[in-house]
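These notes open a run of structures that come right after.
Look at the two complexes coming up: subunit A is in both, with subunit B in one and subunit C in the other.
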Partner chain A sequence: MRKSFIIIALTVALAACTSADKRTSDQLPPIFPDYAGVTVPVNIAPLNFDVTEPAQRVEATISNGSEQIEVKGRSGVSILPRKWRALLAEAEKLTVTVAVTADKVRTEYAPFEIEVSRDSIDYGLCYRRVDPGYEYYARMGLYYYDLGENEEHILIENTLMGSSCVNCHSFAKTNPSRMMFHIRGKNGGTLLHLDGENALLNTKTEATKVSCVYPSWHPDGRYIAYSINDIKQTFHNVPSQILDVYDHWSDVVIYDTETGELNTYPILSDTTRFETFPSFSADGRTLYFCSADPKAAEILPEVRYELCSVEFDPATGEVGDQITTVWDGDGASLLFPRASYDGRYVMVTRSAYGTFPIWHKDADLWLIDLRTGERRALDELNSDNTESYHSWNSTSRWVVFSSRRIDGLHTRPYIAHVDDEGRFSKPFLLPHDRPLEWYDGLMQSYNIPEFISGPIELSPSDILQAEAGAVELNAR
Partner chain B sequence: MKQIDKYARLALPVLLAVAAWLFFGVLYRWHLLYFEGNQLFFWTADYARETIGRLGGLGEYVTRFLVQFYHLPLLGGAIVALMLVALQQGMQRVIQRATSSNALWPLSYVPSIYYWVLLCDEDFTPVGLLAMVMAVWVAIGFARINNGWLRSVATLVGLLALWLAIGGAAVVALVAVVAIELATKRDWRVLASAAITIASVAVIWHIHPWHLSNLLMVTGGTYFRHLDVAVDVFYKLWAATAVAIIVPIVAARFVREWINVVALVAVIGAAVATLPKHYDANSEDTMAYYCLTRNGRWNEVIERARKHDPQTRPAMICLNLSLVMTGQSGERLFDFPQYGPAGLFMTYDEDLIFCGEVLFNLGFVNEAQRYAYEMMVTYSYLQRSAFTMTRLAETNMIAGRYEVARKYLNALKNTLFYRSWAENLLELMDTPEAIDEHRMYGKLRRNQPVHNFPFFSAKFDKMLEEMVDQRPNNREAYEYLMAFYLLYKNVDAFAERLIIPAKGLPRAYEEAFAMVCRINRVNPATLPANINRATFERLERYIRAYDMSGNNPEVMNKDWGRSYWFYTNFIRF
Partner chain C sequence: MKTNRTKQQLWLQVMMVAVAMTAGWCWFAFGVPYTLYTKEQLVLFVADWAAVAEYLGRPAILSSIVGDYLTQFYLLIGGAATILSLFMLLLWWGTRTALKRFGAGTLSATAWALLPVAAEVALNCYVEYPLSMTIAAVIAVWSFVAWTKMREGASKYIIAALSIVALYWLVGAHTAIFVLGCAAWAWKEGRRVWSVVMPAVAAGAVALWGELLYLPLSQSFCYPLIENYMLQHCSVFLITEAAFVVALVGARGRAWLGALVATLMAVVGVAMITDRTQEYWLGMSCEAYFNRFDRVLERAEANWEYQSYVASYYTNLALAQRNELGEHLTEYYQPSTYGLMLDVDEGAGYCYAIAAADATAAIGDMAEAQRATLLAMTFTPHQRSSRVAKKIVEIAMVVGDRELAEKFLWQLERTAMHKTWAAKRREVLATGSAALDVERAKLVSGDGFVGANDWYPALYALVEANGANRMAVEYLLSMHLLRKDRERFVADYERYFYPYWGAMPPKIYQQALMMAFENESELVAAINRYHISPEVQRECIEYSRIYVAEQGSGEALQERFGRTYWFYCNYAQMK
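Showing the complex of A and B:
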């Protein structure tokens, strides 16, 4: 009798558990981030996702063709890293099927695929997280993110530094042991981390008048090209625009880490031009930069930067005497040139005008093929909203770029694969363990995402100790 | 004496509770509302993780939870009062346990009164108060453990955990634990544990980046609103608390009831002498103006000013904005003691809070957004605030940046007191046409500038001119601009912009207009019929009175103090 009762009770309970109506949908599942059709590296951390609609239960089956894993969650799925890695190890493609139960209705959505590239991605990303604000700032910091583990580490937060501003972190070809960033404010300077040695440089010299700003490391790690800019802000009144940042003047200089000298060059300090956003080529023999006519700067919407280059001799640190216009932008402004490390491409941000595209909704990424001279808009990566800063990974098979496509204000890093033919895959948002809660709640922007090939061996204490004594530079 | 001592011990906590409740819940109610508006407590796991994860984070988290109820000032006042009483009662029990008597029990009020004084300054948060409450009660809890080993383990682990949870105020628990132990059981294991705790803190101090910031180390960075607090204040407070614990222990055997009564009189006397000095009436008044203005309670602002002249520049700005928003500026601008255009606007470096309200309500929506954003990142260190996040949601919605607005509103849905407001706005955004038709948001959307122009806060009158040129129907901007002209005594510009409605001019405008006509020798008879001739006659009477007064403002103020003519003749700026 008792046994029968238990069987009946279990049957009823089971029936209750499975009483949800079942439906199928030919739509893709409403998940965040959108992973449908993206290409990911074989060594990426689990692509956890959440559903964007109310749900009581989410089930996902992820298959690589020979094996599959099943994960369940309340509003999203969190995949065990061990199982994920095993699945990815042999995969060329993953098929993901998602079912969402809401209001006692279980809807199984159309499956989607994720391409798995055998091109590994670097260890991680380094970025700044900062409020997308105006002049003032509160908490900000430099962080690095382990792409294989979905773990963020603090490099430095300004709460430890008397609320200084930290910015413009940069690495010698993704090498975390040759890096730099600026500390602004009291006791500020440029922190240079060279193979375990740290120094804080005062890059403001008699000759340059202002401190160094936008950096680019030479591929051999000896030189760092900087722009020096007299930067201003202006605020718009009309709803379609918010603010603009522009230069009163700007030049390009090159710092030699071996001699400790900041080299200035008449050709890159032309008073009839603005020079900014330097970027060394893969072989280190060309320096790209952006250049504009200062006369046009009197009317901000008429400022157009073109992409130029000048020869550079790594042996002497000298630049050539001829400036070449690589692309005049065809009526638009070209910014943030970044040469791929394989020497094939230069990627730029193109916007209608100005020098600060993050506040320009029209800003898009463009690619210049250095072998053919062909240039094209990267429609695979661009959105209706702002695409701005970008950088290449050490193998030049992956790019990370900033985009405001989610809400139009808070910048998020997206990663995309580039194949042999220069085709870019659909980008994916930087993965996170709890993506919806994290990105939805985060009121800060990701700023200047840069690949790094390993963890950064630099502690806040090291940084603060270096901050104690700034080294004065000599300009040559 | 014994009876006085006994009954005072029983009655005084009640008196403290009631006095503190009335002080904060009634006399400082605008402070509470202002404080609450500058924080947000989110009911989310991420928020809890992020807040509690910091040094002193648990204390901060619990305090923010409590502060959200400042939204209802009487409840908020009761919360502050209860915290002050809890601290006093904890102190009294520490003294009782250490002395096995009630020796010098009035000293148990010293930390509470000290913190009461600190809380009169809105930059001191209640986090430090709650941390002290937790510290003394944890010490009492440890003292109640009879087993020596257990007590020593609790001391070792508990004090360290307490420091991580509440920040530097844990030193109060350490003092109390050691004092009680030395005065009672004198168990070397507990004392050794306390010593190890101190050493552990020193080690953590050294190896963790927290040590890089003295403030973070001492207070968790949250006992004060800004980073630039002098931590000395807290050193003094904790030293005073330590003295209030140690002195009764040392002096217990000499203390008689009459000494307690003397101490009681001294403590009450000190409180009565100190607290009124720290009651900041001007600050309370200014916060009242802000909170009323922020909520569009224009008539209450004007009524408040009618009863008492605004004492601060921000309060004056709130009043003048309220006059404009209710359409009374042209009539009543000089019913209140104006002291120049400074009462209309401040520069960006001087103020973001009050002028943000002016910008928003006059249609400078992008600028209002900038001010709100800057206020969010500067004023409310390390946290979001209700004032700014609600404003950012509004400005983004008005400007059509719906996704950004949704982000703020979705966050606000996780709060107790702003949830329904956020849901209403989210619903409104579902149909953008409804925003166009909304009484306030629709008007603000229509009042925004059409073309870009550089914004300079130091030249706000020029910004208003630009706005009025672009948006002639922006009545609020027009009236604000006219107020600028009048307060600048720029009657030519005033006359040039003056629009004479069919029903005639309001009093202040008409007074200025009559003055312009007289200066330019315009015969009033040639003016349109809707110009009130009586104003011209009053102007003549004013001139005669002025001549007879010998340029004496006190004589003139009696009959003419509310006229524009008096302002032009006697107010210097």
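Showing the complex of A and C:
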């Protein structure tokens, strides 16, 4: 009798569990991040996702045409890396079908596709995580993220260094063995990591007056071009813009890692112009930078930076005597030029005015085709919110850029593929194991995402050792 | 006879502990309630994997998770007092058991065990001293008690050494209690080497975990306290360790001496650590947060001795909420304009930055409010604050930043005490509300640039955007008055106040208007135009008469006119 009762009870319970109504929807599933229609590299880590609506159960079937995997979860799915890699290895595209059970109703949504590109992506990203205000900071750090494993590693956190600011990390063509970043404040300097050797440089010289700021490595890894900026802040009186930054003056200088000299050039220290945001071309023979008229700086909304270039001779470290305006911005301000490593493009951020597009919702990415001179807004990548910093991977087939599209306050890194024709795929958010909890819980912004081709062999203790004494630079 | 004595001792012990715990409860509930409410505001415990995972990257994971979770309930009336008292009871009980293991008599152990409790009671009067530290002390003491019960032998001490490493990861700095206990025990058992080895292992554990978790030695020593950022001298937590050691030594002595030392320690510690001025203005800040502005004014009227910028700031905000700034402005302590708006800069600190957003948000200056809240979040000890999160949601809803509001609502919905608030706001976000429309009507439309804490341009932008924004108009006029700029006051009164509310001018404005016109015919015209009451006219004449008669002596005017604008204008000086 008792046994029969248990069997009946279990049957009823089982029936209750499986008696969810089944529905189909022609809509895409409510998942975060949005992976529908994106293109991902063949070596990317699992694209785990969460559903954005209350759910008791989430089921996903991911198929590459010949094989498929099924994953289940309560509010999202976590895909086993081993299965994911096997699925991706042979895939040209993936078809993802998602079913969500909520309130005893199982809704199967319209399937979506993910293109799988054979263009591998670099090992990872290096970025800074910092509070979104940019005015002051508390805890911040430089981190690098393994794109194949969804794992974040700490490069340095400022808690180790008396709460100093760390910023402007930069790599020679994504090479983690040739990198630098600045440490601000007491005992600060520019930490240079060259093939296992570390040095802390005091880049503030009598000639330059201030320390080096925005960097760009020469592709052969010998030179680093820097802007030197006398930076000021001002505030908006409408919300959501909060802060603007402008230069009182700015020049471009070039540091030679072989001679240890900081080279200044009259043509790049023109008192009648601002020069900032240097970026070397792929062949290392051209230096791009942004330039503006200081007279306009008295009224910030009238400051427009244009994209200029000057020849550079890697053998001598000298620059040419002619500055060329590549694009005047057509009434807007051009910032953060980044030349692709294949020599085809320069990507810039274009905003209505100024030099600090972080809070400018109108800031968008634009692409200049160096072969045809054609310029276009990257509508495939841009959103209604701010798009700002961006960089290329070592093969120039992938770009990562900062966007505030999720909540308008916190900057997040998005990755997109570019094909032979210069077409960009729909970007995808940097994958994470528990994406909704991670991104909704994270109060910091991702700042300056840069690709790296391998793990960074630099430990916090290496950095602290280097911090013990800064090397004074000579300006030439 | 013996039974009677035992009963008497038991009764004495119960009384001693009951009195101590009741005193502790009362002190937390009535002595420093706002310090404890503020602690709740500095925590945002989001019950999800990612938030909990953040604790894994730092020492003291167990005590921090439990502590931050329970700190949420400080928001309940008596919640903090009850939670803290319970942990104090556990700490006392653990210490008493430990002392008895060392051979102390029951009564003596009962009394001397109150010493670490007294230390923790005092330390909890710091805003920055988290509940997790007290929990850590409890865990450390009980771990020690459990360890003492192991069979004596070398393995016991090896286990202690390993436990130190694990315990530091679980509870952080207060592992020192366990270390000291073990060292003392080893000494007692004649294992002198181990009593030296234990502190050495502890030093190694601190260094090891610091290296693994990317903390410098000075930070890992105090964690979860952060030197300079939270407390000026984090090593104050060692008071509890010192009290524990004194208890170990003293418990061999008289019980009454233990009770006396504990009482003295509690009284002196509490007196030294409690900042009454801070408690006073934190009270105003909390009452404003709870939207009880009547209580803000009650506090302002009752406690003139605790004057500060923030106290004046909340008094003014409470007056402004009732449209009574112009009626009572100089009746309260006014440190020039520093009590109208709070400047936020690098040295502001989180309490100040949190407060700064309240007035700016109330008058509709959402740009400045947003800036202050972002800085407040940055300045809080762990860059998380439930109060700031709620303020960000409110601001985002007003300015129409839906995604940002949703992000923080998502977090608040996963807290124990703010989920109902969040659910209500989500409803308003979906349907809108009349109150939201009122706030939106205050917003500035055109963009412009202002310096940080540059209040005049911001206020002018607000009153130009919406002339009916009375609070902004009153702040602007009050700013003129407190700067003694009568010329600008009259001009802006005429332009912004008079058209809307000029028929019933508030008293302080009337006093200022009477002072603004020196020419008699202009004054007569002003009296008629601005509806200056006969009473204010009479008082003005009387004030002038005494002023002249006493040759400008403020003392003669103080009693009768000390709260008038005339007196403020003639005698108020920034010290």
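By definition in this document, the second predicted complex is superposed on the first by the 461 of 476 C-alpha atoms of A that agree within 3 Å, B and C clash if a C-alpha of one lies under 4 Å from a C-alpha of the other, contacts with A are read in each partner's own complex, and residues count from 1 in each chain.
In this text, a residue touches a chain if its C-beta (ideal position, glycine included) is under 8 Å from a C-beta of that chain, and two chains touch if they have at least 3 such contacts.
Note that the structure is a prediction, hence the values are computed from the model and not measured.
When both complexes are overlaid on subunit A, subunit B and subunit C end up clashing with each other.
Once chain A of one complex is fitted onto chain A of the other, the partner contacts of A:406 extend to both subunit B and subunit C. When both complexes are overlaid on chain A, the residue A:233 reaches subunit C alone and has no touch with subunit B. When the shared chain is aligned, subunit B and subunit C each come close enough to touch A:136. Residue contacts after overlaying the shared chain place A:438 against subunit B and subunit C alike.
In the superposed model, A:325 makes contact with neither subunit B nor subunit C.
Of the residues of subunit A, those at positions 131, 133, 135-139, 154, 159-160, 163, 234-239, 241-243, 406-410, 434, 437-438, 440-441, 443, 460-461 touch subunit B in one of the two structures and subunit C in the other.
For subunit C in complex with subunit A, the residues that touch the partner chain are 46, 48-51, 54, 211, 214-216, 219, 229, 346, 365-371, 374-375, 377-379, 383-384, 395, 399, 401, 403-404, 406-407, 410-411, 443-452, 454, 457-458, 461.
Against subunit A, the residues of subunit B that register as touching in their complex are 44-47, 209-210, 212-213, 216, 221, 227, 364-367, 369-370, 373-374, 376-378, 381-382, 384, 396, 398-401, 403-404, 406-407, 410-411, 448-455.
The part of subunit A that touches subunit C in the complex is made up of residues 131-133, 135-139, 154, 157, 159-160, 163, 233-244, 300, 406-410, 434, 437-438, 440-444, 460-461. Looking at the complex, you find that subunit A touches subunit B at residues 131, 133-139, 154, 159-163, 234-239, 241-243, 406-410, 434, 437-438, 440-441, 443, 459-461, 464.
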